[in-house]
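By written order: A, B, C and D. Residues from 1 in each chain.
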Amino acid sequence: MEQTAQTPPLSDTLPDDDTGSQRIRTNFMSDNVGPVCPEILAAITAANTGDAPAHGDDAWTARLEARVSEVFEAEVRVFPVATGTAANGLALTALTPPWGAILCDESSHIFRRECGAPEFFTSGAKLCPIPSAEGRMHTDLLSRTIADLQAGGRRLSRPSALSLSQASEWGTVYTIEQLVELTTLAHDAGMGVHMDGARFGNALAHLGCSPADATWRAGVDILSLGATKSGALAAEMVITFDTTLAEDMERRIKRAGHLWSKQRFISAQILAWLENDLWLHNARQANEMAGRLARGLLRHPAATLPFDTQANEVFAILPELLVQGLEAAGYVFLRRTAPPGVEGTLVRFVTSYDTQPADIDALLEALASIE
Amino acid sequence: MEQTAQTPPLSDTLPDDDTGSQRIRTNFMSDNVGPVCPEILAAITAANTGDAPAHGDDAWTARLEARVSEVFEAEVRVFPVATGTAANGLALTALTPPWGAILCDESSHIFRRECGAPEFFTSGAKLCPIPSAEGRMHTDLLSRTIADLQAGGRRLSRPSALSLSQASEWGTVYTIEQLVELTTLAHDAGMGVHMDGARFGNALAHLGCSPADATWRAGVDILSLGATKSGALAAEMVITFDTTLAEDMERRIKRAGHLWSKQRFISAQILAWLENDLWLHNARQANEMAGRLARGLLRHPAATLPFDTQANEVFAILPELLVQGLEAAGYVFLRRTAPPGVEGTLVRFVTSYDTQPADIDALLEALASIE
Amino acid sequence: MEQTAQTPPLSDTLPDDDTGSQRIRTNFMSDNVGPVCPEILAAITAANTGDAPAHGDDAWTARLEARVSEVFEAEVRVFPVATGTAANGLALTALTPPWGAILCDESSHIFRRECGAPEFFTSGAKLCPIPSAEGRMHTDLLSRTIADLQAGGRRLSRPSALSLSQASEWGTVYTIEQLVELTTLAHDAGMGVHMDGARFGNALAHLGCSPADATWRAGVDILSLGATKSGALAAEMVITFDTTLAEDMERRIKRAGHLWSKQRFISAQILAWLENDLWLHNARQANEMAGRLARGLLRHPAATLPFDTQANEVFAILPELLVQGLEAAGYVFLRRTAPPGVEGTLVRFVTSYDTQPADIDALLEALASIE
Amino acid sequence: MEQTAQTPPLSDTLPDDDTGSQRIRTNFMSDNVGPVCPEILAAITAANTGDAPAHGDDAWTARLEARVSEVFEAEVRVFPVATGTAANGLALTALTPPWGAILCDESSHIFRRECGAPEFFTSGAKLCPIPSAEGRMHTDLLSRTIADLQAGGRRLSRPSALSLSQASEWGTVYTIEQLVELTTLAHDAGMGVHMDGARFGNALAHLGCSPADATWRAGVDILSLGATKSGALAAEMVITFDTTLAEDMERRIKRAGHLWSKQRFISAQILAWLENDLWLHNARQANEMAGRLARGLLRHPAATLPFDTQANEVFAILPELLVQGLEAAGYVFLRRTAPPGVEGTLVRFVTSYDTQPADIDALLEALASIE
């Protein structure tokens, strides 16, 4: 589905010109193509001092749970790992036995983009994709899927976990009310609720509420929270709001090869990311740039935006010729086949913590100049 | 089996004194408690420039295979991951189906210290531990285990993989001749050969031969090569000498959550580690310090060394009172119960790329001063 | 989804009356509620003589492959097991690695009704359900799903297996031409083709072609063939047309606990089932009774049949009051919620090798008499 | 390890002679080579009447739990399956998560003879084999293994299950006192206790105590109880004494393909096997024949019996020439290489519920007549 460059260039940015002006970003493939945020790199360097106990017994990791508990206004357990796919997989193992079912949106990363990682981590739990229009699950379809599984009784997979992506894969954000409706349904059916928060910061910046309101107060039991797309080198975490879900998590992390011996270097990234609300600052910047891009695209006569731009992903349907023009101009972004019946090509632009207005304007200008 | 500090100290090194003299290392728990080597941290910082395609399509990763192929004098495939447990697990999936058997030394990390990771990665392959005196498998016992499985025919696990640890878990190193005997037996039985090279550099420094001689020329099909214990932040790799073993490896890496989105930051570490033979330089330093410690311990009237010190791990049997004295003096190291019939406590000291002669001498002096 | 009786009655048939007349079947829940066919029970009894080597080394099993090869006009391998869920799961392990994807119809038994067995047997392969109107997969949707996975390249699940149910879960039967189109697509994409033949005999009876034409000549690589629903006590089998798929199958069977020590008693059932075309005779009888029922229902003014009745399952949409009336009259059958927008209740009646015209007529009469 | 006949004979019994005398059994390979007990075959035939709800909702299965509860003087849950390997694997899933460890005797069937089934059923739990002299685990070695795992803390597999084989794989039987010591250790460490009772009846016949005394009163939490080796066609069961262990067991059974649609035919076998203490009668007969054989072998000047014959398996070390002589005389039995340092060949003879004194005497006579 994704198309990537065939030959790996040393850098995807345009070369500096003679006048020393700022580089212009042309790579909108994802929010993980950019560099590490200076504050976070500095924290890695600062942590590189003396010896430290391995495997998470270090002082940085020791500070992590207090810090995250403060941010989320709750006594949480925090498990840092290097990738979002691992965080999702590990979180799901806390909610479902191998003979359980995970209910998720049809567009979800866990169902579509993780090469079977949830099946792997959970030792074969069953993923039940639920269709939706724009990445946000509908209450009635969730309700029906639960009912179908329950009617099968003790000979069908136990409905165990509901997984919601916030922000969603189509760049939309659940409202708190939508979350509460869905999580209530899940809890009433004896299921636990996972939130895939690879872009949780972006969703939070959109909602403008507290981290607690957007998670455990809305019925989320366990959260995969991602920092990598928001300026970290490699830092994601599983956060449990129900601490019984934390039992044996470290064994599962070790068993999956996700326990770093020098774990201080993940924990230090996360501490820096949370320091002075850097994470929210980064999210807001990315969201604003996405908004700028969306508004610009809406002004283009040939562009259609199929979804609201609520986080840092902009989806647009463009005539194929325009898409090729942008590519010819050096722009990098994701292409997808448009849905049946739609003319044109569906493309995705992702903005990042370090995207600048000039980057967006240059992109819009490039688009406008294609004949 | 391992005992670790209860409260995580900020640093395990002694404080600087007023005279500005060098810190003295007191932490000999493992070679992963130390900091990142300056050259490697510099490489991470240098890689933090501009955008780069995600998921290994970056320029650093693109250089990696050519570089490692050069080092190993063979066309290899290289798959960088963050931990040794992941590298081992992923390598084993290339050799065994879920219904196969992995033959390994009873002392091996994959059998004893990985919390079931090989069973997890291989979806339940059977580990068959083979007893040995000192971490190096005996040809006759390997031969017998293979024969037993083969006699069970199509109703017992297929003997699929032989896994050898080089250096071994008891700090010993297989000779090339020993390797060849074992790998020949395995190949004759239709098995593939994995080498757990978490401390391969140290073994190589001991052997004094080429990387090629110590691996594929000696019958190794796939290698887990570790840089983390030798100065990296988090960098290990799976190297396939038989490239058919590389098929679908990237899918298994993604599925296990071990594909970094910003992979340039692992690859850059490895490139720096191989640059100017830094890896061998680091290994030699650690080995020399282990040798210095071993010689010192042998001079102590109450110490016994149960194994040859061939890499960077020193095992000693000490009277319990001496062990407690060292701990009281602030030293950190691994304790194990001595084997039945042996008086005293079995302890392990691990030296590192940045261990200095003064560290060793201080340790020996501390030991000598215990009454 | 299924509703079953709460208290287990000793028998679901009506009691004999004094006049010695035939029992009338009232249980149409499935074709597995009936007794074992006399010929098959006789074969079990006949096999109970003297000692026989265990685990499939017996004389009955030895005859099995020759017999099935004859029936399918090909050199096949045959692996008898006790349940269809096991046969499906084991067959799929021959086509997909744990990191592969299995493409199947959304209605398929492997996706909906096996409690995650395919995920279990394949160690977590990804099931990709493809929507269809009536249980028969559409070529264009298969084609699109394959393209999506291939576009994701080496970071998405490898499309490995196509699984087709013949007869389908909605009682329809693929034509040979439809099969060939689908299996060609799959083979062109490097996938293998599995057929879930729990009711293959019924499909064959409908098609009126040879077993070879309906399987390997139409591109099927591996078949789960079920006898239990067609008169056996517990006898299903995996049949490989591509014998390379048979490698290590016995290890997988043993490892899943599906290797009977007294295997002669499965093999003897299958031999009897194939003897004198008993299997086809039984299938024809069941199909004819389903046809009789379908024709009867079509004559009822309030009944609608959403699918063609091509095998031995009849689906009907009935007013809820009629459904309750049938239940009150002692009839047992499956109920499902009707699709959105449809008035009434969707019910399923399954006929069996021993269903008689009088059973059907009594059912229709009972329906007609409900006011 | 096992050697079996190359060509499958129709029957392993000697032909009747002209005088109509009884057949003499020559197959001592295992207690699963014999036919089904007449009472059990009659029960299967009797169950073949009318329709019955599928998947265990039948009247036979409904009676099973009450019957077994009576036999074991406890409220148990009973789950019938077709093979002992499945019963063991399913029972273990109730005790260990995938990241747990199963401690078992090195000689145990689950470790040596099941092709990785415990790893498969438990999704990769770690098997920790503990050496013993004669199939009965030693308390001190169990204690040490538990301590080792616990010392590794949250980064090593959780010690979850203790599995004991009763009778053991070397034909010995744990005393009640031995069981209590081992199960107490396990419970104190937070582990659950599984008993592999493939030959539990034989052990019980040896102990002469009640089923309750030999299981839950001695600390067993879950039992695999086998009937197949004792006269059934294919009938084993998982019995939970702690009913919380039964949760979701049916889902695991279905998911493993072990839920028979016509389950009445397993349940009926078990009911017949328990009727009138048939199971104990069969076990006693087999044990007595083993004792008769053991006593006879002890009288032979060249035979040594390495283990006490306490159940229905006789192990003997015989000169290789005698072993070949017996084989030449048509006898079938298991051969193993004798342990290092022992002259001769280790052979195993298994007696069965239908072995007769004349069979034993003929075997001893055949042995005596070899020159």
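Here, contacts are C-beta pairs under 8 Å (C-beta built on N, C-alpha and C of every residue); 3 or more make two chains touch, one makes a residue touch a chain.
Chain identities (UniProt): A, B, C, D = L-threonine aldolase.
As the structure is a prediction and not an experimental result, all values here were calculated from the model.
K.L.:
Among the chains, which is located farthest from chain B (L-threonine aldolase) on the basis of C-alpha centroids?
P.N.:
C
K.L.:
Higher C-beta contact count, A-C or C-D?
P.N.:
C-D
K.L.:
If you average the CA atoms of chain B (L-threonine aldolase) and of chain C (L-threonine aldolase), how many Å lie between those two points?
P.N.:
51
K.L.:
Express in whole angstrom the distance between the two chain centres, defined as the mean CA positions of chain C (L-threonine aldolase) and chain D (L-threonine aldolase).
P.N.:
One centre to the other, that is 34 Å.
K.L.:
Roughly how many whole angstrom separate the Cα centroids of chain A (L-threonine aldolase) and chain C (L-threonine aldolase)?
P.N.:
Inter-chain centre distance comes to 42 Å.
K.L.:
Can you pull out the residues of chain D (L-threonine aldolase) that are in contact with at least two other chains?
P.N.:
55, 98-99, 115-116, 120, 123-124, 155-157, 251, 254-255, 259
K.L.:
Per the contact definition, I'd like the list of chain A (L-threonine aldolase) residues that touch chain B (L-threonine aldolase) in the complex.
P.N.:
Per the touch definition, chain A (L-threonine aldolase) meets chain B (L-threonine aldolase) at residues 4-5, 8-13, 23, 25, 27, 29-30, 32-36, 41, 44-45, 48-54, 57-59, 61-62, 81-90, 114-117, 120-121, 228-229, 233-234, 251, 254-262, 265, 332.
K.L.:
Quick one: in the complex, what on chain D (L-threonine aldolase) touches chain A (L-threonine aldolase)?
P.N.:
55, 97-99, 123-124, 154-158, 248, 250-252, 254-255, 259
K.L.:
Quick one: which bits of chain C (L-threonine aldolase) touch chain A (L-threonine aldolase) in the complex? Just the residue numbers, please.
P.N.:
Answer in residue numbers: 1-4, 98-99, 101, 113, 115-116, 119-120, 122-127, 129, 148, 151-153, 155-157.
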